[in-house]
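Chain IDs A, B and C follow the sequence of writing; residue 1 opens each chain.
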Amino acid sequence: MQESGKNLLWRIGAVLLALGFVSLVLLAAGAPPLAAFTNIISGAFGSPGKFADVLVAFVPLLMATAGLLITFAAGLWNIGIEGQIMMGAIFTTGALRLFQGTDFPPGLAIALSIAAGMLGGALWAALAGALKTFGGVNEIFGGLGLNFVATAFSLWLIFGPWKRPGVASMSGTEPFDQALWLPQLPGFRLSLWALGLGIAAIVLVYFLLNGTYFGLRLKAVGKNVHAAYLLGIPTWQYMLAAFMLCGAFGGMAGSMQVVAVYHRLIPSISSGYGYLGLMVSMLVNYQAAWAAPVALFFAALNIGSIQLPIKLQLDSALSGVLQGVLVLFVLLGEGARQKWVKRGK
Amino acid sequence: MKVELKNIHKTFGKVHANNNITLTIPAGTIQGILGENGAGKSTLMKILSGFIHADRGEICLDGAPVHIASPSDAIAHGIGMLHQDPLDFPPMTALDNFLLGHSGRFIPERGVIQHEFRRLAAEFDFSLTPDAYVDSITVGERQQLEIMRLLWLGARVLILDEPTTGISLPQKEKLFATLKKLAAQGMTIIFVSHKLEDVEFLCGRVAVLRQGELVGETQPPYLTDNLVEMMFGKAISFGGRTSFAPGKSVIALNKIALEDVRLQIRDVTLDVRAGEVIGLAGMEGSGQSTFLQACAGLIRPVHGRVRMDATDLTGRSHHVFKNKGVAYLPAARLEQGLVPGLNLTEHFVLAESTQGVFINRDQAIRLAQDRIKTFNIKGTPASPVESLSGGNQQRALLALLRTPLNLILLEHPTRGLDIESTMYIWGKLKERCAQGAAIIFISADLDEVLQYSDRILVFFAGQVSPPLDAASTSVEQLGQLIGGKGWETLS
Amino acid sequence: MTTEIILLGLAGVLAAAAPVLFAVIGETISERAGVINLSMNGTILLSAMGSFAVAVTTGSLLLGFLTGMAIGALVAAVVAFSSITLKQSQVAVGFILALTCRDLSYFLGNPVMGASGPRLQNVPVPVLADIPVLGVLFFRQDLMTYLSFIMIFAAWAFIFKTRPGLMLQGIGERPAAAFVRGANVNRLRYIYTILGGAIIGLAGPVYSLSVKAGWKGTISGLDGIGWIALSITIFGGWNPLRAALGAYLFALLQWSGLVLQPSLPGVPSQVLQVAPFPLMILTLLLVNIGDAEWVTRTLASLPDRTRHALAALIRALRSKPPAALGVPFESE
């Protein structure tokens, strides 16, 4: 009890230091820190509409994080999650284009399109996984390369085969009929269906990692591949499965961006939620239990900083700085605690 | 140089690794330090060579007290240490290894240094070439390189930690000749070992350590029984050899050939029977690990067939072998055999066959408690494996073995373990033999090989001897074969 | 006439490779010491922005380049502190810094976005510049490109031919053995990580003050270079000469993409732009595939002659990292 209390104090200290550091950055940019922070808060929670937007960002972030917790358990740095999200969006868009204009039941069409998105993400992840397991290519480099390829692929689709009638533009493909949208709360951009799927994803991953044979074996693979293999675990199959499961959750996130948010394919549709999911995973020390609240907080930072350019003439990249500095300081704080407090005993 | 250690104390947690040790070593002597694993030999030598610092006590060189802050400080004082696994840089050349750590100009004068290298090599009759990469030469040659380097840096005290493990007989003879020559020149040699034979042959004085204390010093002529009693506190008997009644064939290797970057093994034929124990002897890296891994399906032979139970398993994966009742226990327990970060319960769950999707926690903990008791492991179901001692890790590995098994393959099953754990582990292994399993094991300890094997295969640079009957083989004969002598007499 | 254009193009390739070279050599030095500096992508962006801002404000190119080096050194110092002193994962910290420094450069660079600033001029070397072919290629470049040429050989000579360079290899290969030989392993790791970071930090200003002069925020086209440079470090086998080859191949590829585009109307520009990435994956595949288990297994099943030839090929391609890369060192 006392131990966890001290632990919490360290974390709070690290967060305060991070806020202090970001304040210095703001002062360097000639901006009043307090105004910037209050602007972010009001931008995220100032009205029901704004909070609904936070939840809209929360959904894909939570799904990506859920997937990443699986690959982290297997000791893998699935940096390719961004590309997997994009492939999910691309596959979903592709499927919806098939259903558009047919008299296929819309509900089923949406469900199948989401499944297609998950498949797309899983396949793209399988590519990174195969490069890792059969080619010895570190998943960080393989994944990064595939991210750039996925970006180019989506641009090519938007400007090429799937371009809008008339002129192709960065605004994306032609929007789908409203029938092919996930139902939204009246007056808001938020879909409760999407929110439910996101929460289901993290709950599922929690139980998968903390109570099943699959989860335990995955952890063994992550902590010592060689010993896991000698214990009889088919290691490369498990690694590949971790990649594909993560890719499926990433693909689901991309799918949500299409069926619940943009209703079309746009460039950089992953919006950096994959990389942000990596940050969330690190901040929660790879434990599923805390993933949801932290993801919500990060989503709030993202949405809250959108109005910074208008109100304070500041670049909205501030949210990224704030998130990064937070994770860095918490990590460093943990290192410092291990070095100077635990050893001191 | 005269070395004096005065009232040295060092504790690690609750363990008193060195308890008030006082030892004087006159210049020009070869001082043996005897003791079993964990007796405190390494701690004492690490203190003398600057790796760790004594809690209390004093070190005097030629009568003057010195403070030794680090290994490089030790060398500055003239104390050089040769580690069991030579501390060198395998991907670099012998010359680069030789000059690294020697201070001098920004760009080393390679011509001059190469000259020094050749001069020292010629002086001791070492056949080392400066351009050879260290990862392509033998452990014995790497030792020679280290000795040359330490002498060049001005060492007048040379500490050798278990130097005869893993080197060939001719190399050992050369090493001993070198040490005697150096002692005659006034150098002080400290020879740390648990091998009575080497110590008796070489050393002018012997100090024996047991449980952190200096229990006695003797001079020649040595009485072996006396030394053994000092080392162990009592006379040790290993128990008689048990003969076995050969059962059915467990694994049959037919003319297999193996290859890796360094060596090639050709035409090995072997039929292993249930209940039999086969020991693999040889210098480290002579091919015995490769052979053992081939028996486990971890390496695929380039020629020949592997059969178990009339099924051809050539080229199949380790998991196919495992399903046929083969278990493989690697030498590096924590690095390769166990999963650091997981606890004992989780290990037992992983090793058992799956039941359903979800893990039954209560049942798992009961299983763990049961195994911990049966195998006498000092730990709890929630103990992470990395918190266990070496002996308990090895017990845990044995506890993970499935039942029944046909073939158990072990790399150095008792390396680093104390006598009690060693005897316990062999007791458990013999039980498995009685239940019909065959065992193939690698050991650097010739006594262990002779004691527990029914048949022995000797490896030398990829050559494999025909199976020798352990009962009619002597330590001397085995030593010769390992060093590459006497192979022509084998049919 | 056309040969003249091709020569100028190739000279441009040599100049365009200069920033990548600085990044790769800096990373090579850091990794030789045993520390992976994964922050490179963010470092390059931040140093590009920072040095441009300083150069615009002060009008001094020199101050601009120094700022770039200082930023690179500072970021590397964070990596060094968190991994060497606090024993945190180098990959985790490096990745966080890669993202954070990128966002920081966009955030802080807002005021100087699109500003016009000073630009490094070409300085032909007297006499040598008039040599046919070689003069155009090598001796009519700007100072940083000359420095990049020198850097390749200087780094190579330092690592393999000098006493401190040998010790640098030692601390990344087997720190315990280096410690016994008198090296203060952790201090040296700090020094080389920060030095490597300073060299990486040169890549940014070489872009923003020369190769792609200016700062255009998210559309500066620099995002991704750092990741490419990291994989070139692996391709280079931690040897500056082989790494230089990789950097020049990469620049050549980018240039040929530009040149070929008009003649390949069917291929959209996006495809050519990402061409380096699949190629990066492919080269990593080539240098690493020998470590895969199925490869050795398949090899063993082949007839003798084929097996020996293939094994030799794989060995020649393989690049082996410093043994203690990413592993913290403690002297008990």
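Keep this in mind: a contact is a pair of C-beta atoms (placed from the backbone, for glycine too) under 8 Å apart; a residue touches a chain by one contact, two chains touch by 3 or more.
Given the structure is predicted, the values throughout are model-derived calculations rather than measurements.
Ranking chain pairs by how many C-beta pairs touch, which one is first?
More C-beta pairs are in contact between A-C than between any other chains.
Averaging the CA atoms per chain, pick out the one whose centre lands closest to the mean of every protein CA shown.
So the chain sitting closest to the middle is C.
Between chain A and chain C, what is the separation of their C-alpha centroids in Å?
That pair's centroid distance is 29 Å.
Could you work out how far the Cα centre of chain A sits from that of chain B, in whole Å?
49
In whole angstrom, how far does the Cα centroid of chain B sit from the Cα centroid of chain C?
Distance between chain centres, rounded to whole Å: 42 Å.
What parts of chain B, by residue number, touch at least two of the other chains?
none
Note which residues of chain B are touching chain C in the complex, please.
Per the stated touch rule, the residues are 46, 51-52, 70-72, 75, 81, 87-92, 96, 99-101, 103-108, 259, 261, 299-302, 315.
Can you list the chain A residues touching chain C in their complex?
25, 28-29, 77, 79, 131, 133-138, 140-142, 144-146, 148-149, 151-152, 155-156, 159-160, 275, 278-279, 282, 313-315, 317-321, 323-325, 327-328, 331-332, 334-336, 338-339
In the complex of these two chains, what residues of chain A are touching chain B?
Interface residues on chain A, with respect to chain B: 211-214, 216-217, 219-220, 223-224, 226-234.
Sort out for me which residues of chain C touch chain B in the complex.
Interface residues on the chain C side: 161-164, 166-167, 169-170, 173-174, 176-183, 296-297, 300-301, 304, 307, 315, 320, 323, 331-332.
Applying the document's contact rule, which stretches of chain B touch chain A when the two form their complex?
Contacts found on chain B: 318-319, 322, 328, 330, 335-342, 346-347, 349-351, 354, 356-359, 400.
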